[in-house]
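What follows is one structure encoded as structure tokens, with my remarks underneath.
Every chain is named by a letter (A, B, C and D) in the order it is written, and numbering of its residues begins at 1.
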Amino acid sequence: QEDVRIALVVKALGIGFFEAAAKGAEEAAAELGNVEIIYTGPTDTTAEGQIEVINALIAQNVDAIAISANDTDALVPALKRAMQRGITVISWDSGVAAEGRQLHLNPSSNPLIGNMIIKLAADQLPDGGEVALLSATTTSTNQNTWIEEMNKVMGDYPGIEVVATVYGDDLADKSYREATGLMQSYPDLDAIIAPTSVGIVAAAQAVVDAGKVGQVNVTGLGLPSEMAGAIESGASKSFAIWNPIDLGYSATMLAYELSQNGVEAAPGAEIPMGRMGTLTLDENTEGAMADPFVYDASNIEEFKSIF
Amino acid sequence: MVSRLIPVREAILAGAILVLLALVASRFAGFVAPANLANVFNDTAPLIILALGQMVVILTRCIDLSVAANLALTGMTVAMINVAMPGLPIPVIIAVAIALGAVMGAINGLLVWKLSIPPIVVTLGTMTIFRGTIFLISDGKWVNAHEMSAAFTGFPRAAFLGLPVLSWAAIATILVFGVMMARTPLGRSIFAVGGNPHAAVYAGIDVGRTQFLAFVISGALAGLTGYLWVARYAVAYVDIAGGFELEVVAACVIGGISIAGGIGSVGGAVLGAIFLGVVKNALPVVDISPFWQLAISGSAILIAVAFNARAGKARGRIILKSTVAPT
Amino acid sequence: MSDSTLQARPETRHVPDRLNSRAFRTLRSWESLLLAVAIAIFIVNSFASPYFLNVWNLSDATFNFTEKAMIAFAMALLIISGEIDLSVASIIALASTAMGLAVQYGAGTPELVVIGLAVGLLCGAFNAVFVTIMGLPSIVVTIGTMSLFRGISYIILGDDAFRGYPASFAWFGQGYIYWVFTVEMLFFVIIALAFGVLLHKTNFGRAVYAIGNNPTGAMFSGIRVQKVKFILFLLTGLMSGAAAVFLTSRLGSTRPSIATGMELEVVTMVVLGGVNILGGSGSIPGVVIAAFVMGLVTFGLGLLNVPGIVMSIFIGLLLIGVIALPRLWTMAANRRRG
Amino acid sequence: MTESGSPVVSMDAITKTFPGVKALDQVRLDLYPGQVTALVGENGAGKSTTVKILTGIYRPDGGTIRIDGNPVDLTTPNDAAASGITAIHQETVLFDELSVAENVFIGHAPRTRLGLIDRAEMHRAAARLLDEIGAPFGTHTPLRELGIANKHLVAIARALSVDARVVIMDEPTAALSHKEIEELYELVETLKAQGKAILFISHKFDEIFRIADRYTVFRDGAFVADGEIADIDENALVKMMVGRAVDHIFPARRPTVAEEVLQVVGYDHPTEFADIGFRLHRGEILGFYGLVGAGRSEFMQSLFGITRPSKGVCKMNGKIRVIRSPADAVANGIVYVPEDRGKQGAIIGLPIFQNITLPSLGRTSRNGFLQLAEEFKLAREYSERLDLRAASLDQDVGNLSGGNQQKVVIAKWLATQPQVIILDEPTKGIDIGSKAAVHEFMAELAAQGLSVIMVSSEIPEVIGMSDRVIVMRDGRIAAELSGDDLRPETLVRHAAGISTPAPQEA
């Protein structure tokens, strides 16, 4: 019997987060038995790069594509063509507009994440204070959604003031410079929230270099392996992330269900995803996998070697 | 009459930088505090070092588009070496970085010298090859801060006489280049080769060899910067410094280095780099959307090149003048 | 042989029109070498992947080079004339942004196409003014406008995106003319023919070659050098505008980062096509074959799931190798001869 | 070869081949200490190639060079300098962006103990050298600010900055004024007195007979003869050079007064020339004489539309024509054969036929589309008319010899069927044999009704060919001469601006 080929398309190759997701996908493949995972993506985070990858996958007539998109809209035509050729398409992590995929797997629910990132900062600031946001690329959907959700719940954290939002473009040097700029412009800054794994590391480094450990707390979303140093130095007290291994695992399971077991991705559907339980789709055919998980000095050692 | 042309050009650029600083200071006084200016300089140090290397190449009528890829490949290599052998002393790491960068520069140089392939084609090709090689050796994986040794990441930020080593590296490069360009036969040959390659042959200067050396110098500096960059930002991945080569060329152009070769100065290149560095650091501070940065540096290039062309325009032969003067 | 006969009857000295036959010249040309490379890649690809020889796949594969090739044809003329335009990818960004902006004001497909082309033309004119009227080196000017044009897109769009293009607009980048023949392919062929005729069969094309070989001499021969160059920049801008129409239509949305880095791929395609980067020689058929070579390499490697960056190594090696090998070969031959 | 001892430098059986050209074939050349050896030969005889071999720029394909009897290998210019050979090359090979002192010393500047260039010492030494040759400018001056003659002085200083035993001068006087030439002669005397061997290359025979002690003649890359200047006269030397006796007679012309074709009134340029006005008739040859740098070329280029005059009117056949570009000029029947053949004339890289048809494409093409058959027809017609020597019409014009390139340029313009042809220094750097052919041809053109403007710095040519001569000085018309006024002394007086009337008897 032929292997089922599921392509896990990521924003860019080489990012630790996605490497971990690929591990999860392999785990799912092993569990399913007859699945071959094609882990691929462009090397820079562009939509055009992903389109070329998708075209190549269409040409190979893979069974399913599970993509973390660099652009909500630009990938739609290419993915539509994939679906026309009978390929199952789902998005995960960073979504595609509804007409370009069958379902979208959110790592967590956006409101939960939005709340989590501000809560992480506020928990360290009982008397209130100034916080700033360091976002990722200007073209990624999820960052903006989370910041939006965060703003919705700001009322729950009196005394916390968001003084600025800057963009590090998911580049280490730019994020670093933006973080440094923040500390200069706002000498009383208490925390930098970076809901991006590149930005949070760069911001932590900038805080260490500026000698502001203890004054400015860096928090947000990051990878334990990359943030271990920041936790150790005290630049970051805590941060959160969902488990990318689980995410890759779930995406693979969902893709398999849709492509092999004839599961229909309709609003309200409940789709099994192995050890992660089931995914319930909302009216936009989106579903949330799980709550984000907080990492701090107490558990970082355990996780830093995993992803 | 006496040619003070080049210093005038630099004075104007320096003036532009001062005006820029004054404008920023009027909105945010803290920007011109000495500590912050030192920060800006430190931040611009890699650009300064690379701009000096690029200057030498451009002076010999070539161009090196592979510097950023060279920087990234060297940076990744030394980072991986550091991970594999955390005990390796930093001087060895630096030597490896410079040597590796120089080897890549030499590849460019040899293709230009021995096969006379146009430099823009050579470095366009090696740019993609070097970048791709990073992916091959690293398998696309990042090298993160906690994997690097403390000595490795600590060196460029270690303070010495109040300035980080990174800044000192730029200052040292400026001084070495100041002496090299003005007072060594190599420096003067570089000007000669770019100014008039045909005549250089008659003066006993090997044009191809000089261009080769220029590429080696540029490569070595890219290698050095590769280590400093990776250590400073404490991360190495395939795409670091992506597109930085154009910023480096832009710094040279703004600094008055003629793309046609033979004209330019160390001071110009340094000021060009500092100009871009100030713009880049000032924008977030004065709360201009960072989205303006690209358009601003583009306009700066256009203004600079238009200005430099005007200043350097040939004045004709002025035959009539002699009729005015008593014969 | 000719020497003695010429000496014998000097009064009827006759200079033949051509020394070598057309077939001989064709055989020895760069284009033939490149065609051989293309065929070799095609054969290797069909063995390397079972999915390669499939009309639909081959048709899909054309998308990854048709837009670049449209610009490459204009760029080839520009480079032959001794200039270069590095701002083409940024022109795409600006033209696409302008189209996106127009969509917000309810523009329909015909208006969008006009706007895309017009912005391209304007950007080309902007470059041309700096280069031909102010006499500045084009490489520097276009490095500047490369930042400026895309910078304007960033100022307009920031981190936003324009979407909501009319459904009929999708025809350009996603439509099919007949069976597997895409709309883009049709335009690729038309534009290739147009530029081929312009360069090889018209007075204008001859002027382009003359300028590329010796701009002063061309000027002294009564050619309006600056006017020709101005037109070439306009054409390059226009083609970038056209590419913006197709790319935007294909993506269905506009972000300021669209087409980043495409200028270098276009220049690579032109140089691979045998156009001398220093000006003076090159041909459109060469660029057409180079477009297919690059398309085949990327597509073939894509089928093997080779990451894009590794493909670029092959392109880089191809670029240097195709130029270096003949030279190395001549050098070796000279050495052997003594 | 007896009394002067043994030669310092002796070249024997030297051969040098360029693709398609045997530039030197088994030549020999001996240079003796304290003597000036003149190397004479037609254009392309291989004189400059010999210089380049002696200075290590080219490597010979065969033969030996001996210095003091020992065979040497001069592979680089530095080897040559180390062997004590220095040269003033035919082209000025200097660096515009460097200072005068650096131009003099680049490649062998004095060093400090640290190995750095010793600037102070370099400027001191350069100042000494400049002083010696009477150069009127400082060592800090950037070269680009100097005129062509002063640049030549820098080249001479550079040659002298090497402590040489052999000094080579390849047409050193071509760009110099009368006074500077005199100073050069004195310099040569000094060098001779210091016991240096001097190789002197010149096309001017008066010069050769004035300063040379010995001669060597090359013809077509081969050695013909050498000996003592005292033993030979000018005619014999020319005969050896050309291989036949040449008595250059200018073609007889019968100028007829015909209708006016071109009238120029009040042409001005802000910096280069002022108040130029003249008339030109059908079938006339109008000479333009002046010292080098008088602004003739500048004016001609402005008439041809290259540079724009600030005022002035140009009338063709009585009608006012606005000429803003060469294209306008060609459209109005004015064409210009430039002085700088390689840069402004031929388009190297394009085949011969495309060079010829370039300005005539409007006629050979249909609706802007090329018609190759028509092009070849036109090109064939004119290349045959000019007796072009080439392998084929689709051969790159760059492969032709200089004289044949000049023919292509002339063919290009004749094919446009002009009314006025401007020839700027048509015989500059052309040897005696070809010169006569060019003169014949000019006369023929005029006889066919073409109006010719000939810019020339050679008095015999100007007097021999022109019906009328305009003398220019410092960008203005100094005189218009014809008939009996056309005498060498008058030309020189007007050109040099000597206001006292010439003595009637010399």
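Here, a contact is a pair of C-beta atoms (placed from the backbone, for glycine too) under 8 Å apart; a residue touches a chain by one contact, two chains touch by 3 or more.
Here is each chain with its UniProt name: B = Rhamnose ABC transporter membrane protein; C = Autoinducer 2 import system permease protein LsrD; D = Rhamnose ABC transporter ATP-binding protein.
Keep in mind that what you see is a predicted model, and the values were worked out from it rather than measured.
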For subunit A and subunit B, chains touching each: C
Shortest contact path, subunit B to subunit C, counted in steps: 1
Most widely separated chain from subunit C, with each centre as the mean of CA atoms: D
Computed distance of Cα centres, subunit D from subunit C, in Å: 43
Subunit A-subunit C separation of Cα centroids, rounded to whole Å: 38
Separation of subunit A from subunit D, taking each centre as the mean of its C-alpha atoms, in whole Å: 74
Residues within subunit B bordering two or more other chains: 135, 140, 238, 291
Shared interface positions of subunit C, touching two or more other chains: 158-159, 307, 309
Where subunit A touches two or more other chains, by residue: 13, 43, 138, 167
Chain-to-chain touches, reported pairwise for every pair that qualifies: A-B, A-C, B-C, B-D, C-D
List of subunit A residues in touch with subunit B within their complex: 12-16, 19, 43-44, 138, 166-167, 171-173, 176-178, 180-182, 184-185, 187, 201-202, 205, 209, 225-226, 228-230, 232, 304
Sites on subunit C touched by subunit A in the complex: 49, 51-52, 54, 56-57, 60-61, 63-64, 158-159, 161, 163, 170, 173-174, 250-253, 255, 257-260, 298-299, 302-303, 305, 307-309
Subunit B to subunit D touching residues, read off their complex: 1-3, 179, 182-185, 188-189, 191-192, 195-196, 198-206, 262-263, 316-323, 327
Subunit B-facing residues of subunit D, complex: 55-57, 76-78, 81, 89, 91-98, 102, 106-109, 115-117, 119, 140-142, 145, 147, 269-274, 293-295, 298, 474-476, 497
Contacting residues of subunit B [partner subunit A, same complex]: 28, 30-31, 36, 39, 43, 135, 138-142, 144-146, 157, 229, 233-235, 237-242, 280-281, 284-285, 287, 290-291
